[in-house]
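In the two complexes below, subunit A is the common chain; its partner is subunit B in one and subunit C in the other.
Let's turn to the complex of A and B:
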């Protein structure tokens, strides 16, 4: 009961947040942006928590990163294991397919919020977390069960490696 | 535990958002109220699922004990450490290591920020109680970080 109830706490709190944002902002686009921003703020801190708990070393490549995200991180924090599919030929883009999305349990989008990306926080979290390990990525939802799709699909694209800041004088 | 982390991070970020988005002249009270109201709704939803299969409660004290044990364990993975009451509708719930405060330093300078981190939970308790048919006012105070006390005043309707 504990595990389920704890994810309900998160799900319900997330719902209350989205409701508050919809009250505060006039349009869905603003809410989406805010969710992404908040997710980013969470991501840059969550990565430390993740690295401390999982003792995963540096990933060798983007494929390994994808596996760690799906099989370790999602499992650890949300109790689900998305599948990693639809790799681009260049190996710089992939999809996470979520059969179920804990954030949307019991949620229905009202009619006047057709462009709301309800779970957009997740995109920000992934983006922020990866930035802290020197990866600039683009993350977005391409399918959403809340909007009538069969599955929820998050598309992740590797943009570039972020150079670590080297203090001046440290050659 | 890892699965507590998402809520804790989200809770902190919600507080940041409420305070950042407030107008500069806005009083602290309004922000505390916003946080409390969010907690209220979550508490109502949570208690509904928690008590789906529970037998009816004997009395008010029974309800408070449930909050201290089952509800607190569900939300914070631990029980309330101490429950006191004057048997006249006032209950004090003491948590010696409140999860949502443990990331704040124990220094005095953080005491003034502590109320922000208690507001949502006050709402949570009030919401849980309201769905159990108990009307209340819930306040909280920090004595020594990270220990805090939640005071529940039952309102007779």
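Let's turn to the complex of A and C:
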């Protein structure tokens, strides 16, 4: 019972957040950007909680990363397990297919917000979290049930490995 | 605890995973004979950019003779070099990488998270493996009190009284901690 009421409060809180952003910015593109930015700030901290609780070490490659994101991270934080599909031949891009999305329970997008990416916070979270483990990625929604698609699909692309900062030498 | 004969160098790098932390009975025995008392000397926490977020000492008899900033830089620089060295010169596929080194007086323990946070703790020689301790500090203190506190930023250094006091209490409560080292 408790988990359900938590999840409803979460969905309603997120909805209130997006609604307020829409009022403040009056422009879908700008709201999308703000959601991404907020997500990023959440992601850079969330990764530490994830590492602490899951005790998962460094992933060996992007495929392992994809599995950990779908099977451990999404499960831990949203209670869902998206499937990992549509790998690019180079192995640097994949899709996460979400059958359900707790952020959008009860939500319908009004017609005047057709370009709003309602769950864009998730893209920022993933981007911020991965950056903290040395991966620069590009994350975006390519299908969204809120916009009439059958499923919700997030596309993740590996851009590059972020090298560790070499400490400055004095000599 | 293994003994290696290292006539020339004082430093022995321990790469493989050593056994668990010593039991309380060994601690009492050691304390009784007046040998090196078990203790924690000091602790450093560095972020992924090399900034020292936190430092505290409990039992340090000798200072480095340089400013604190220089000391942090020296420590971080050394860790960076040794990790790179260990990885390059490893005769086998790397697993955890650098874990600790020991001298005839103390042991330095190292733990790094995948997010680049680095924990460094100096203890006496009876503590063979402090990895779990450092992991606890990360998961239960750093993540809970710093990361999850939106007001708390970690740059330029941790500014959290509750973190300092909880960490201090935790260190003092460790089975291998005693306030006075021989």
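Operating definition for what follows: the second predicted complex is superposed on the first by the 169 of 171 C-alpha atoms of A that agree within 3 Å, B and C clash if a C-alpha of one lies under 4 Å from a C-alpha of the other, contacts with A are read in each partner's own complex, and residues count from 1 in each chain.
Everything below uses one rule, namely that a contact is a pair of C-beta atoms (placed from the backbone, for glycine too) under 8 Å apart; a residue touches a chain by one contact, two chains touch by 3 or more.
All values derive from a computational prediction rather than experimental measurement.
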Subunit B versus subunit C as contact partner of A:89, first or second or both or neither: neither
Which superposed partner A:8 touches (first subunit B, second subunit C, both, neither): first
Partner contacting more residues of subunit A (subunit B vs subunit C): B
Which of subunit B and subunit C A:148 touches, first, second, both or neither: neither
Which superposed partner A:51 touches (first subunit B, second subunit C, both, neither): second
Which superposed partner A:110 touches (first subunit B, second subunit C, both, neither): neither
Shared subunit A contacts, counted only where both subunit B and subunit C touch the same residue: 45, 49, 53
Residues of subunit A touching subunit B in the complex: 1-3, 5-10, 12-14, 16-17, 19-20, 24, 34, 38, 41-42, 45-46, 49, 53, 76-79, 121
In the complex with subunit A, residue positions of subunit C that touch it: 48-50, 73, 76-77, 80, 113-117, 138-140, 142-143, 147-148
Complex contact set, residues of subunit B against subunit A: 2-7, 9-11, 13-14, 16-17, 21, 34, 38, 41-42, 45-46, 49-50, 73-75, 77
In the complex, subunit A residues that touch subunit C: 45, 47-49, 51-53, 56-58, 132-134, 164-167, 169-170
